[in-house]
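What follows is a set of structures to go through.
Next come two complexes built around subunit A: one with subunit B, the other with subunit C.
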Partner chain A sequence: MTKTADNVNPNVYEKGSEREITSTELDEDVSDDIDEREIFDLIRNINDPEHPLTLEELRVVEQQNVFIDNKQNLVRIYFTPTIPHCSMATLIGLSIRVQLLRALPSRFKVTVEISEGTHMSEHAVNKQLADKERIAAALENNNLVQIINQCISSS
Partner chain B sequence: MEPVWFSSDLADEIIKNNDIFEQTHSIVTDIMSGRLQITILVENMAGVLTNKEVDNRERGMRFFTKILQEIPKDFLTDMQIKFISKFYIDRLKDNHKVIPAVLEGYLYIIDMKNYSVQLSGEYFNVLFREVACQSQVRQDRYNIYLTISKLLEKDVQYMKTLGPDFIYGVISSMDGERDPRNLLFLFNFLPKFLAQIPLGHLVEEMFEVISCYYPIDFHPSPNDPAPVTRNDLAAALCPCLYAIPEFAEHCLVLLIEKLDSSLRVAKIDSLVLLTKSCETFKAESYGPFLKALWSSLQREISHKTDDVLKLAAHESLSALVSKLSTTANTDQSFENFIKGILISMQTALAESTTVAQFVQATKILLTAANASKESCEIITKAMIPAVLAYYEFKTSSKLQIASIEFLGDLYELAQHWGVLDQIQKQVDEIPQLCLTAASERTKEYQVVGFRTLIRAKDALKIDLVVPFVEILSYNIQHLEDDEVLSVSVETVHAIARKYPELIMDFVVKGKCDLENLIQDKTALQKRLNLLSSLASIDDFTKVIIGEMLKVISSSNEEASKVIQALSSSISNSSLYSYDKVAQIESDHGLIDSVLTWLYSEIATSNESLEHGYSLVSNTICSLPADKQLNILSNHTSALIEKCSMNEANFQMLECLYRSIRPNVYNKHFEEILSLALRLALNNDKDMVRLKACYLMAHFLNKAENGQKFELMYEGLKNNLSSCNRDDLKICPRLIFLYGWITKALVMRGSDLFQFWLKKILLSISNPECSQQGSEAIKIIMTDFPDCLSFRHHCRTSLLYKQRMFLTFTKITENMSICPETKEAYILSWAYILEKTPKSVLNNEVNKIASLAIDALEYDNKDLLIVMIDILIYFVQAKTVALAQSLQTILPRIINLTTYVKSMDVRIKSLQCLYDIANSYDTRLLLPYKQDILIDLAPSLDDKKRLVRNMAVKARTRWFLVGAPGENKEI
Partner chain C sequence: MAKLEMLQTLTGHKGIVWNASWHPLGKIFASCGEDKIIKLWNKEGEKWVMKTVLVDGHQRTIREVAWSPCGNFLASASFDGTTAIWDKKSGQFECNATLEGHENEVKSVAWSPSGQLLATCGRDKSVWVWEVAGDDEYVCEAVLNAHNQDVKKVAWHPSSDILASASYDNTVKLYKEDQLDSDWTCMATLHSHESTVWGLAFDKTGKRLATCSDDKTVKIWQEYNPDNQEGVIVTDRDAIWKCVCTLSGYHTRCIYDITWCHTSGLIATASGDDIIRVFKEADNSDPNAPEFDLICTKLNAHSQDVNCVQWNPSGNQELISCSDDGEIKIWKLIED
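Up next, the complex of A and B:
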């Protein structure tokens, strides 16, 4: 397959620093809640399917677009495709979902959506990403699973 | 009856009978003994050598060759060899079936001592005319190459006279060779050949034949037991391509073409070739290709992910620049090349939006600048002003910081190549920028500003000193951050070395207000740290130390702070050399003052006393032996007396004697030793007992071999054997002391330690004191900064930890362990394994692995952490023994992922799971995959974030086991 990438020359942004380990985190008795930063850390290193760059470097995901409610067990993530006609948007959304499915405790209900107004077929993609059965079906497809695994294996 | 080879029946015998080939040895013996002339033998073979049947002639030649192989190399005369050679050359014209034996036989002939190299001209003549090398089988082709190679070694001069026909013959004989082993031989042989035989007009032909293999694309057959690898071939081919300067043009064309290839190995091979080619090719040859080379190099260096490729490109660039710089004075192309680099990199720097991009461009410039003096001058001259301007653009803070660091790198390169004088004007601006950065409020700017100033301190002009000092002294007095503090002290130190008078006025007398040192209590400790660091510079020593001692001897309440500051600075040997400390002691009487202070404070028993003790011992260890003796004789008697009144005073005695040199000895030793022994067992204070053990260990470790050591050792042993072991209070102390004795002995490399180690093991197997036994093992294996260290003139035999490990392994082999003591036993193992270099463990994999697996059942945090670490090490090394026990290990480790008492255990066990998934064969892991994924789920919701992070790592890795897209190297 020699398809050229949708966005051949994307803007690359600075990588944020690693989360610093605080003294409370080293304290056995304090319990640290899962926060936005932690969830962001789970998905920032997912690779873009087209470039050898992470979603963070392309600013597809940003910490300010991650929301969590620990009491209600809700997680909501908005991601921003690099260009409005990006054909990989669904795949990126799927990768984020799969990564969170594997890495978050099962008590959370996770919603992954495209940031409003950043993609041409925003609603269609959102609908696909919210459909559990379609996700399950997608994960039966070996080719797709392979691409997703390659995207998230470095995170 | 005479054997058959004495008659002409031999010919028939060779034709009919295979067994005759077994008897060549006897024939050779007969020839050697003179009973058979070789001429007779050949006559007897005539029937078969000239037989009409090809197959029979082949047998004859084979037989003859075998004789030649076995006959000693120096036996035949030159005349005999000449005839045999002529015969063999003639046979080259025979049927193709006969050729292999001829080729092999000739190989033996040229090995003969009396072989004249003149004969080879005709041989090659006929060989290249009659025999098509590439239609022979592998071994015969090899024999041809070997013949050429051997003759070349024998007489190069003659081979040169053979002229173009010979060279052409060589070229055509190897043209099309396909066998990897033959190729490897040829590639190794060709550079020698090329270096010695001038090719004349055949340069291009020769290069064509060699270069058709480039780049090597080869996969060894999977059934080959000792395969030739692609890398072997590639490494061997490379030197052939740049063997002679004449290849330059052809080689560079080829190389540029392959650099543009999409194949990764082709690129890497080409880069390596380019790097190496700079050794032989002339600088001028690169001229026409520079543009193309640079654009290729630039492309490879800016590759995003492939680090190997990047590194190779950097090396090529460096080699190329340094080669070209040799023509810097005669040729414009070098300067143009460097300017081309400068222009494209300046564009890249200006366009970069992330630090990664910025650093990539700076790295290229640094590589080029590092390659030669000339390039360094051009680049630093252009780049320093450019970077200074870049900083002013107010790009992102990270880029600004990176640009200052880049300045520091450039400065160091300029310093390295000694071109600072030529770029004086540019360099002078650097400190100003450092000042700008250091004046920012954020930590990152300050740190990088100071660090760069330290690197470029020689460029600092006097007018900038005051502003720097203002910032620095503010930092030192008001900031809390350790990193900024230490770098600030370092900077003051650096400036003080260049401008001592200024610092003296502004800092020592001004900001720190030395004369009224303790009036101002705020930030006193920080000021003291700065002063004690400055005191190591000669100009400051007298003033500062004098003032500090005044504070100490006035027994002011702040004295402890002074002592603490001095103690931490003096123990830093990069600041204070031995000579410096000795000088301070003899000028100021440091030890006397500190001891007086200690004595007055000893009743308070606060922690600052420890600083006092270590200050004394650190000072003592720097002194020469005679001064040490002096000080000891001044104080010992009085101190021993004081000890009899208050045993706490023993600590002062200890700090005096702790770090004496091995050859220092006085009459008090025995008295002190027995005092120490008594205190170690009977004193009620933990600290005093510990110090007593320290001192005994030091004495034992340092005592000179021979009588002195033996007396001391025997005395100690007798004293200890008379101790009452049943006393519940004494027993743990005794085991503790055994630990110290063992440590001292094993570190001095004495075998006697085994005796004490056995005693400790005995205590481990006793349920009542097994705990203390394992503590003793811990003492032996742990390094203490102020005990038995090199600084205190102690002997530390090499590899003593390995020795402990081996001895412990041996002694415990037949030890019976009851269930009550098993935990202590495994814990002792853990202490030993923790400190033993991991590579040593590989010899005892099975034993250690089973210990580690056993240990997973015990509820002991320290034990678990060490043992899981060991397991992780073995797993990462893909140890087979563990792969077979996965069924046992996995449930236990899974259990530990929810170990409540320690998050470290949880993290380590999760990491172990991750590594298992990463290291072992999918086939072994698949049966457990589903269970583990379910068992790991609870850890995702662990209350500690660090545990969760590792759980995520482990669980996402296990998801990949056997799944499509898994990238596993096995």
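Up next, the complex of A and C:
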């Protein structure tokens, strides 16, 4: 029995442009800090679990909601579910966390939260996403890992 | 002030090491983690060496290990929903009993001071009390459903059969067996933390309890009996617990574990900011409003989150810690 998607008619936005490579970026002797754009590039193409669209196209993630502090090794991402009662919010948050866990150096402390005021259960979802023991246990569930891999695969 | 001198770094586990636990005599410890393996380490001369590997006991992450007070048994709690009991009576360590019953991940296991009881807790929100019934036989004595969320940790009072549990529901609960009807009940709920309580530790008298939380604070709680001198109102026959001290502004991320040394009275914490901190009660501390000073901050104790800290029970000021980075470290606290 197929489930109807929560949000059958989401707003779709245009994708941003590709990043222009500057000459200092090509220079091997200049050390690079990781910046917001780089983190955004890691998560923008994660697929939404319900629609054949990316989180960027649905404006679930935006570069302006990515924050990084290279000195303190902190990364903070706020994501905006398309509707306030979206039941996929935890799964989307988890996909973002897993993608960053796999792609970022381990020195970074990553916080993924729902943009304030955009979801009915944001406190409960944020608390789950912040609990690394719950996340570790969830990621031992093969079915869940497969679903997440499908969301992340093309990005 | 004091400093933590690193004695040794131990590698070998693959992935996250969630817990390390000292044998009661302090010359052996066990470690466990994401790789589903328990490692036993012995001290040979001045160095710690891995002596035994216990495999095939669990199918998923092993979250905590605990030695019985007599030192002959090791219990392991796993995300696979079971708790295994290991002993060496055959000459080699073997799993001779498995406690089943939790509906999902078991997160903590602890032996009562007499060694007659075991407690476990897990994501199914329950705390189980088991009785050691005989050779490799364990009987469930109680299933306590007092918390309304995931239970992270259980710890026993140092000298009596009083049990404490810490939960995702931001509270700590205390339980004991009613003398009259032999029923285990929740006799107190400690409210104050603003987020998940991850760890708890009694002081040596059992009259104080230290708790640590995702709200980045440590709280000290004190027991007041019905006949207390301080004028604290206690309505029923049971004692009440009050929060008498909050240590805030020190930790910058979640505090995952706390340990209270029964010889020195020092408290150590393990935090998600990769730091181990040690606190000492101030000299002129008011017993009803105690003050604790931060006497040591070990920056970058590990390269990732510190999941566990435990004082060596022999009172030699050694501290063990383990981390998401897969390493275990042994430290010695040296006070100025």
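Note that in this section the second predicted complex is superposed on the first by the 154 of 155 C-alpha atoms of A that agree within 3 Å, B and C clash if a C-alpha of one lies under 4 Å from a C-alpha of the other, contacts with A are read in each partner's own complex, and residues count from 1 in each chain.
To be clear about the criterion, a residue touches a chain if its C-beta (ideal position, glycine included) is under 8 Å from a C-beta of that chain, and two chains touch if they have at least 3 such contacts.
Source: prediction; values computed, not measured.
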Kindly say whether there is room for both subunit B and subunit C on subunit A in the superposition, answering fit or clash. fit
Looking at the overlay, does A:131 come into contact with subunit B only (first), subunit C only (second), both, or neither? second
Once aligned on A, the angle formed at the Cα centre of subunit A by those of subunit B and subunit C, in degrees rounded to the nearest 10, is 140
Broader residue contact with subunit A after superposition on the shared chain, subunit B or subunit C: B
Once the shared chain is lined up, is A:140 touching subunit B (first), subunit C (second), both, or neither of them? second
Touching A:71, do we find subunit B (first), subunit C (second), both, or neither? neither
Scan A:107 for contacts with subunit B and subunit C and give back first, second, both or neither. both
Looking at the superposed set of three chains, what is the minimum CA distance between subunit B and subunit C in Å? 9
Which residues would you name on subunit A as touching subunit B in one complex and subunit C in the other? 106-107
Which stretch or stretches of subunit C touch subunit A in the complex? 16, 34, 60-61, 63, 79, 105, 107, 123, 150, 152, 168, 195-196, 214, 253-254, 272-273, 303-305, 324-325
Touching residues of subunit A toward subunit C in the complex: what are they? 106-107, 109, 127, 130-134, 136-137, 140
Residues of subunit A touching subunit B in the complex: 11-15, 21, 25-26, 28, 31-32, 34, 38, 41-42, 52-53, 57, 99, 102-107, 142-143, 145-150, 152-153, 155
Give every residue of subunit B touching subunit A within the complex, in rising order. 304-305, 353-357, 396, 398, 901-903, 937, 940-941, 943-946, 948-949, 952, 955-956, 959-960, 963-967
